[in-house]
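Multiple structures are listed underneath, in structure tokens.
What follows is a pair of complexes built around chain A, which joins chain B in one and chain C in the other.
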Partner chain A sequence: MKKILMVNPQLCTGCRICELVCSLSRDGECNPLKSCIRVLKLAEEGIDIPGVCQQCETPLCADVCPVDAISRDLDTGALIIREEICVGCRACSMVCPYGAITMDISKRIMIKCDLCGGDPKCVKFCLTKALIYDRPEVVDALRQESALRSLVRPLLKSREKATPTKEKKK
Partner chain B sequence: MTYGWMGTILRVNLTNERITKEPLDKQIATKFLGGRGLNGITLFRELKAGIDPLSAENVLLFGMGPCNGTLSLGSGRYNITAKSPMTGGFGDSNSGGFWGPELKYAGYDQIIIEGKAEKPVYLWIDGDEVEIRNAEKLWGRDTFETEQILKEELEDPRIQMLYIGQAGENLVKFANVMTGLYRAAGRTGMGSVMGSKNLKAIAVRGNNGVQIAHPDKLQEAALKAYDILYSDWFAQLFSEEGSPCLVNIYNNQLGALVTRNFQAGVFEGAEKILGKYFDENYKVANKGCFSCPLHCGCFYMIKEGPFAGLRWGKAEFATIINFTSRVGVDNIEVALRAGILTDKYGIDLISMGGVLGFAFECYEKGILTAKDTDGLKLEWGNGDAVLELVRKVVFQEGLGKILSEGVKRAAEVIGKGSEDYAIHTKGLEHIECDPRGLQAWGLGYAVSSRGADHLRALPAFEYTISPEKAKELYGTEKAADRFSTEGKGKMVKWFEELRAFADSMEICKYITRTGLLFPEPLVEMLNAVTGMEYEPDDAFKIGERIVNVERAFNVREGFSRKDDTLPKRFLEEPLMEGPSKGHVCDLEPMLDDYYKFRGWDVKTGLPTRAKLEELGLSEIALELQKMGKIPPEKKTRLEKK
Partner chain C sequence: MQVVIIGNGVAGNSVCSAIREVNQRARITLVSEELYPAYSACVLGEYLGGEIQRGRVFLKRIKDYRQQGIRILLGRRAIKIDVKNRKVYLEKKKILYDKLIVASGAESLIPAVDGTTREGVFSFKSLRDADRILAYRARRVVVVGSGPIGVEVSCALRRRNREVYLVELLDWVLPQVLDQKPALRVQRILEGHGIKVVTGEKVEKITGNYRVRGILTNKREIGCEMVVMAGGMRPKVSLAREAGAELGELGGIKVDRRMQTNLSGVYACGDCAEAPDPVSGETALIMLWHNARRQGMVAGYNCAGVRKEYPGSTNVVNVNVFEVPVFSIGSPVSALAGGGIEVIEKDRPHYYGRVVVADGKIRGAQFIGETEDMGVLLPAVRKRCGLENVKKIVDSPELLSLAPWYHKIKKYLT
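Up next, the complex of A and B:
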């Protein structure tokens, strides 16, 4: 089963190391504008969300590309833009639900995450595990667990509070 | 200079609105790296001795380092440097956030701001295009509002900003410069220098990348450095609790936590201001600055009570202590609210804590009465008075006007023996750590180029390493004993070199705090970024050179050994209880030791010609000679013969 790259905004500290290592390994420079992953910062609320291609099962970007520059890598499942074919028309960027396809402003072509050929650098450098790369069912289980745990947090909290008080009364 | 450095310095004259771009001098960059080091030598060259720090003659420097904006650890820092209105000497402050890297992406290693604008302005740097814009609508606004208004005006979420608040506009001497909403270049009053130039903000957007000489090596070096960093218990704790974890260390373990203006070293109400308490009750998320694996920033929210919903992106050890134990308050929410106020007003919360502690003690001793305070009862523990006095200082109302000059000048105005309670060195207030329980810290405070400051030395090894390691590094096992004065001269020198080097690469101090990354891993990263071939020994040399330049700047302004001192309280009044009970700071023997290792004149504390020339600083030796601060060359030669 192909692995997917999943984002957990709750664990993201907003440090942007993912942006740096992405552009560094792709282009030999540290430049957020050449990175295929970008962190949206909502500073007032203390929320950071890395935006990165989710390699959609039905890729709108590939469908809309007028020159068929986007195709799927059969080994990793990543959708790859072929530089030599891309005409920089930005159609893919318009339909991407994550805004995860951007223009390389020096090469004037579109760039997107290619999962680094199956070993995504951003995941390797993410110290809080806000980015994980695993099989979909594993990722789903992790997501579900974390979501349900936060759902029952008030219940758990009430127990924490209840127990010691009773003991004290005895 | 293709790798690491961007190669361009931006010079902006606010008086005649001239904007020029100059090439970065490669030799200077090699010798001083960037950031603090580059700013130091620039300030020495640009200024004459004796100018008024708040006049148009002062320059305001913003310095980036070769590693800023790269994968190098904690590479989001930058330095602001000018002559300080607090000390009258070398003024300098370092901040994290995201502004420094963006300025690199815009193509610059340094900004030099000269002169003074006629009306309030802000600087808009959009890559190559640089514009001085009207900021009258921003004047009078706090930093939060300024961020919102400029974000709307410039319409791009990527834009990074720094700005001053009302404190800087009002020329409060210890006003800071805020970097984005939550990070501050806090110390030595850089915000009031910016305010004196009528410069409200600098907004930046860049499109370039920082070119890396060895991309693979940089990745390897970064991964290795993460491992070293996290092998340290301290870093692990920091990554979870942030700097509030220090409350426990300084209060419970060291007994060296400022309590009621340093009347004591342990605070009886510490339980509810501990990092753990903050973590469990207020923290919402860990946040990091640019390229930081430590992410010590704590986004917090008050969840219950009349202030429920109040939230902010940063609470530090300093935020908590300066508004709690320093003024006898045991309610952490007072500190969280005061922290938000000081960030919004744009004022250094450490100096603010210093003036509050001073005022409260003067009130206790009867030197100040309700008449002097407009009825405010400055009684230890009065949280409402703390918050109101913060506001009065920023807007310079009543007693606040006097306090807005810092404790040194405030004590001169108030008199009546209040000098004894003005806790400062060279006019700058001390941080929260009591040097009676940490001898090397005392030495660090005394000799720091920017006044009572912990970050020039930050000799963390004093209480973290084994006696064996201490012997290996500093020649004596006693260096690991925090009450001993032995080995501390060498230790402080060693740490000052490390801090100066890291500040000039522009790597965060908390990343390098315990010294585990110095020098090899840092040099490895620097070489991977720049393609230079620095040796570990060069790191010490560069650090030493920077320390000497800053020293020379202060010497030119009239400072000498007599100014390298501590308040009487630390030297003469032993701590009465806790783990540091019975101790004072025994400064003089450490000073002798320190000057000796520095190769400076032990009697005067002035750098010697031999040392300056050894470091390639002949121009500085010549200038000090012209001022009569060091003897002419011929004499020295004759003496040798």
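Up next, the complex of A and C:
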């Protein structure tokens, strides 16, 4: 099975190094606007959420593309936008359920994560392991754990008042 | 196995790709009355407006068909299907099939008004139409119908410095796609670029002797050298109907979730087909590129013996109005019957957004200017999710961290 890229917002500190290395490796420029991964900061809630393409199994972006510029890379499983074909119509970005496709304003073409050909730079440089690139079964296990953790968190919080905290970071 | 596909659009070509993915040996013949290898109708507007070169509309070259092992017959029209003997008749030829796929697409709806056969009257469906419009000398153009195609043609011809009138029968532009308020905003953009928009007027006649001289509406006369009829599309079904294919209520060829018609060994897909929609329980005819493509894939897999079901069509329309993106998903208020309709509206100088809720369920959304995050709403509209459920996700940090992308639509829902 191919590896997949997973985001764990609970571990993200919002340092945004992923945005910088992404744009740097793609375009030779540290410019978050040219990054395919974007960290969303929810100031009030105090959460940071990296958003990146999930390489859907049945991708609507590829279906709406009027010029067939989006196709699957058979080695990595990533959905790739071919620059020379893209006409920058934005259709893909409008239907992406994750908001993970954006326009490179200077080139007027759409950009999205291509998993760096199987060696995603954002993952490499992520200091807190909020980004994981691994086999689906590993990622699934992590996802499950993190889901359960966040569901029981309110419960733990309510107990916190009674007993000192036992929650530890793994 | 001998597969014959009628139609060289996105549906027909997706059938080819799907079959080839699972079966290298099937003999595939693709018939098209058009002369060109596959191209994208969706970017014809960009070509007409001079934003992209003609060559970029093509999706395949002749040699790509050869590489896929597909026999392609261009410029050949299928005129009859003999279901009993499994034969398709072309003008001077007949082809035997085991499986037949009808992907004959759609055709422009030409209203029954006087003068539509005059020289200078065009429709805008094919590459040939675009070429002919470009080659025709005209200073002033009237575009009849302001659906997405009418709006695209108007923008394109305006970019080419033609004087453009856009005439709409109903009360506002993009009437099937937008409600009145966002439509007025689009109209202002069009007018800001010099297009003269006329709504609520019916074209009654195209005047002129041999060539177009103008049009008459119920209220006025507009002189022009060219008329582009953009009053809508309808599924092209005559060939299949004559062979005994059952049609649906909406006028498309009726198919099941595997894209099979009522005729044995005959499938239909793309703009000509009317497929069941598991969400509404009814059939739907949403003639859009992505639906045609998915239906083609499903038809291809099934005819190659791999069972797949069509999940239903998605209604997403995007129109680029002079670099301002206009986006609509699901139904506008005007298309929803009954009460219990609520509109959540955001009217800002740089963008406009509205989410349409009916009986507590998210049913549609329309956005102008800022559209990149709207895809997040798409699954909600498709599945008719309850507004309260979606709000619950966006309001809870715990749930949000599991589905973080929902945050992007929070500001539109409150």
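By our rule, the second predicted complex is superposed on the first by the 148 of 170 C-alpha atoms of A that agree within 3 Å, B and C clash if a C-alpha of one lies under 4 Å from a C-alpha of the other, contacts with A are read in each partner's own complex, and residues count from 1 in each chain.
Keep in mind that, in the parts below, a contact is a pair of C-beta atoms (placed from the backbone, for glycine too) under 8 Å apart; a residue touches a chain by one contact, two chains touch by 3 or more.
A quick note: this is a predicted structure, and the numbers were derived from the prediction, not measured.
Colleague: Kindly say whether there is room for both chain B and chain C on chain A in the superposition, answering fit or clash.
Modeller: fit
Colleague: Have a look at where A:Lys107 lands relative to chain B and chain C in the superposition and call it first, second, both or neither.
Modeller: neither
Colleague: Now for A:Gly99: first (chain B), second (chain C), both, or neither, which partner does it touch?
Modeller: In the superposition, A:Gly99 touches chain C alone.
Colleague: Taking the superposition as given, does A:Leu40 touch the first partner, chain B, the second, chain C, both, or neither?
Modeller: both
Colleague: So, does A:Lys129 touch the first partner chain B, the second partner chain C, both, or neither?
Modeller: A:Lys129 contacts neither chain B nor chain C.
Colleague: Look at A:Lys157 in the shared chain and tell me whether it touches chain B only, chain C only, both, or neither; answer first, second, both or neither.
Modeller: Neither partner.
Colleague: For A:Glu29, select first, second, both or neither according to whether it touches chain B, chain C, the two together, or no partner.
Modeller: first
Colleague: According to the stated criteria, A:Gln10 is in contact with first (chain B), second (chain C), both, or neither; which is it?
Modeller: So A:Gln10 meets both chain B and chain C here.
Colleague: Mind working out whether A:Val87 is in touch with chain B, chain C, both or neither, as first, second, both or neither?
Modeller: After superposing on A, A:Val87 lies in contact with chain C but is clear of chain B.
Colleague: Examine A:Val21 and indicate which partner it touches, taking first as chain B and second as chain C; both and neither are also allowed.
Modeller: In the superposed model, A:Val21 contacts chain B only, not chain C.
Colleague: Rounded to the nearest angstrom, what is the minimum C-alpha distance from chain B to chain C in the superposition?
Modeller: The answer for the closest chain B-chain C C-alpha pair is 8 Å.
Colleague: Would you mind listing the overlap between the chain B footprint and the chain C footprint on chain A?
Modeller: Correct list for chain A: 10, 40, 45, 47.
Colleague: In the complex of these two chains, what residues of chain A are touching chain B?
Modeller: Listed in rising order, the residues are 10, 13-17, 20-21, 23-25, 27-34, 40-41, 43-48, 105, 121, 124-125, 127-128.
Colleague: In the complex, go through chain B and note every residue touching chain A.
Modeller: Of all residues in chain B, those touching chain A are 69-71, 98, 105, 157-158, 180-182, 207-212, 215, 218-219, 222-223, 226, 284-293, 295, 297, 299, 311, 313.
Colleague: Can you list the residues on chain C that touch chain A in the complex?
Modeller: 40-43, 46, 51-52, 56-57, 59, 289-290, 293-294, 314, 316, 318, 320, 325, 327, 371-376, 378-379, 397-398, 400-402, 404-405, 407-408
Colleague: Can you name the residues of chain A that touch chain C in the complex?
Modeller: Touching chain C from chain A are residues 7, 9-10, 40, 42, 45, 47, 49, 51, 60, 63-64, 66-68, 85, 87, 89-91, 93-103, 147, 150-151, 153-154.
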